[in-house]
Amino acid sequence: MSEASLYQAFSTVLKRDLTLAYRTRTEMVNPMLFFIIVISLFPLAVSPDPKVLQSLAPGVIWVAALLATLLSLDSMFRSDFDDGALEQMLLSVHPVSVLVLGKVLAHWLVTGIPLLLLAPLLAVLLHMPSDSIPALMTTLALGGPILSLVGAIGVALTVGLRRGGVLLSLLILPLYIPVLIFAANAVSNAAAGLAIAGQLYFLGALLALALTLAPIATAAALRISLR
Amino acid sequence: MTEFFHMGGYAFFVWTSYGLATIILIANVILPIQRKKEILNTLKRRLRREQS
Amino acid sequence: MWLFFHKLGSPKYFYDLSGKFLPWFGGLTLILMLLGSYWGLVVAPADYQQGDSYRIIYIHVPAAWMSLFVYIVMASAGAIGLIWKMKMADVVASCSAPLGAAFTFLALVTGSLWGKPMWGTYWVWDARLTSELILLFLYLGFMGLEAAIDDKRTAANACAVLALVGVVNIPIIHYSVEWWNTLHQGSTVARVDKPAMDVNMLIPLLIMWFAFMFYYGTTLFMRARNEVLYRERDTAWVKEMVTE
Amino acid sequence: MPLTDRFPSQSQMPESTPDKSTPGLTVKGLTCARDDRVLFKNLDFRLEPGQALQIEGPNGSGKTTMLRILCGLTLPTEGEVLWNGLAIEDNRAEYMGAMDFIGHAHGIKKELTPMENLQVAMAMANTRPEQSLEAVLEKVGLRGFEDVPAITLSAGQCRRVALGRLLLSKSLLWILDEPFTALDVQGQAQIESMLVNHVEQGGMVILTSHHPLALKDGMLKIINLRP
């Protein structure tokens, strides 16, 4: 089984998921709308005063991004589980973790990137200083894939359940905490003009860890859920 | 003796902690005992029904 | 050792073995608990700074330690169940979860009760208490997943994966919370480092630590034996035992 | 199944090489109980190339569960399934390459066209078929429907696309769960002839169906899962 066919299977899964997402692109918009609405609630709930919003902004944007990803996670395996495509994936010659990596990458491209592109607009909504926006984008670029990778483990564990949605957030949110802490702090430090290299390195380390271990755990979880 | 219960003014905090601890620890002992009785009873009933 | 480990896999062998140990563990737990509490509450001198409120550590510290220890036991039992497909390992993991959650809850409440006299408020986003709270969420997630899956073996395997993922994340979460805590709380709250513990204060802590360990052993055996009885209810030895 | 899903690379041959003395599928002492309701007990049979196995039984007698055990998706309570003399967990890559499973949920994505579905299946099975995809689709009676989104196809047509996948992959063993459902009379004849000549050319088929297969007696085994 040559490596070329493994890459080919990986890219087929990726292309298939992207075409599927494109064919049902109205669903792609939901996480983005959720992201915008949740953030626009805060000025109404707390206060429109720029100084207050500025201090809140990094945390609010990151919590909203986290919840938006959580909402969109369910679609990763749900449709494949219902029509049997997930079984075919488990019965493929290739290692399941590589195929899962393809699906997670597709999920991140479909939901992570739009959140990333929306972030500057929302940073302006919350009066964030312009020099902290690059930091926000970097943390979303580094943190986004971690959210998808770790989220995939939770989705794989709850895919067989009838009402797995709420349970999914209970399983996954505690695992999101390190990413949230370092990312939100990096953005607020950048707003205050402090150095943020340390936080970004840590996010990079978390990404490397998630990239290597998460697909294997997800593959094991899928094999167990489909038993 | 009352001075002991007074706990140097922190009586409420110390005794609530120890009280809660006792409740939780004892509850986790009683629950399995009840569960064992319940299991044995259902098994007895099932066996009697099977044999009859 | 390997034969023992393998024999432990058979439910009946575990049931008989734990039956022998249970009275000893129970008795030891009771003695150690009483001795430790008496020593901690009466004999140990008052703390020069916190007065008598520090005596809560004889519950808080062992409970906090047990909450972490039980999670590690759950993760390793889950791994054994996954890799060698040992039914008993799944039983140990699923019986440990509620106990671990109880220890975590106890550590949280006693921590906040201890915090009130020391910091003035019931809840402080202190590094240890926050990690303890997140650990409680991990336990609740574990028990939630186990309750949600009908088939017992699938539930055990799924929870094993979750526990392994959790145990990898615990140090990361703890480090992040510590780092986050020094960031915000560092300056305001004077770090209360442990006062040089007078030996009379330290001994009850060790006794309570052993008491909690034996307590965990006792209640785990009790729950596991119930689970074995339930799962092996169709086997001859259980039926014969029931009709005695 | 070890948690870490090792990449079964070329160099890592399974411990004992599959001896050719017991080719095909061997099942030993297979037992399956679903929460203390025993579905079947101590099943032993062997299936060699050039043979078909038909599993009959009332609804709920565990037919589908047995198929899922044979293809490695579900674990039996007791017993083991061997492929070429080796347990299927040990030589997963070889078994997955040699076996194709079409369950009740046949794994055809509604949003994709039959062509795209077959391309994905081809990448999963890592094979380069001799015949073109159009020829395969024509063989299963889907001429003219190659580029129509599968959502507009009838259940029978989607089932044909799934069965078309069998022609694509060069797998030796076909495991099919009620392959004739939703097929019209003409479709059933086409699929039956496909199965028959697959067995005659030395292939193996395991299926659950009450549809009689025109096979010489030496080549057809029947198992009845009476309650």
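Some points to look at:
Each chain carries a letter (A, B, C and D) given by its place in the written order, and its residues are counted from 1.
In this text, a residue touches a chain if its C-beta (ideal position, glycine included) is under 8 Å from a C-beta of that chain, and two chains touch if they have at least 3 such contacts.
What you see is a predicted model; the values in this text were computed from it and never measured.
Distances between chain centres, each the mean of the C-alpha atoms, put B farthest from chain A. Centre to centre, using the average C-alpha position, chain B and chain D are separated by 54 Å. In terms of their C-alpha centroids, the spacing between chain A and chain B amounts to 44 Å. With centres set at the average Cα position, the gap from chain A to chain D is 36 Å.
For this pair, chain B with chain C, the centres built from the Cα atoms lie 17 Å apart. Shared interface positions of chain A, defined as residues touching 2 or more other chains, are 217, 220, 227. In chain C, the positions touching at least two other chains are 82, 151, 153, 161, 164.
The touch graph of these protein chains has some other shape, matching none of line, ring, star or complete.
Here the chains touching each other pair up as A-C, A-D, B-C, C-D. Interface residues of chain A, counted against chain C in their complex, comprise 153, 157-158, 160-161, 164, 167, 170-171, 173-175, 177-178, 181-182, 185, 206, 209, 213, 217, 220-221, 224-225, 227. Listing the residues of chain C that touch chain B in their complex gives 33, 37, 41-42, 46, 51-53, 55-56, 59-60, 63, 98-99, 102, 105-106, 109-110, 113-114, 116-117, 215, 218-219, 222-223, 225-226, 229-230, 233, 238-239, 242-243. By the touch rule above, chain C contacts chain A in their complex via residues 82, 134, 137-138, 140-141, 144-145, 148-149, 151, 153-154, 157-158, 161-162, 164-166, 168-169, 172-173, 175-177, 179-180, 183. Residues 1, 5, 8-9, 12-13, 16, 19-20, 23-24, 79, 82-85, 87-99, 216-217, 219-220, 223, 226-227 of chain A are the ones touching chain D in the complex. Interface residues of chain C, counted against chain D in their complex, comprise 79, 82-83, 150-153, 161, 164, 234.
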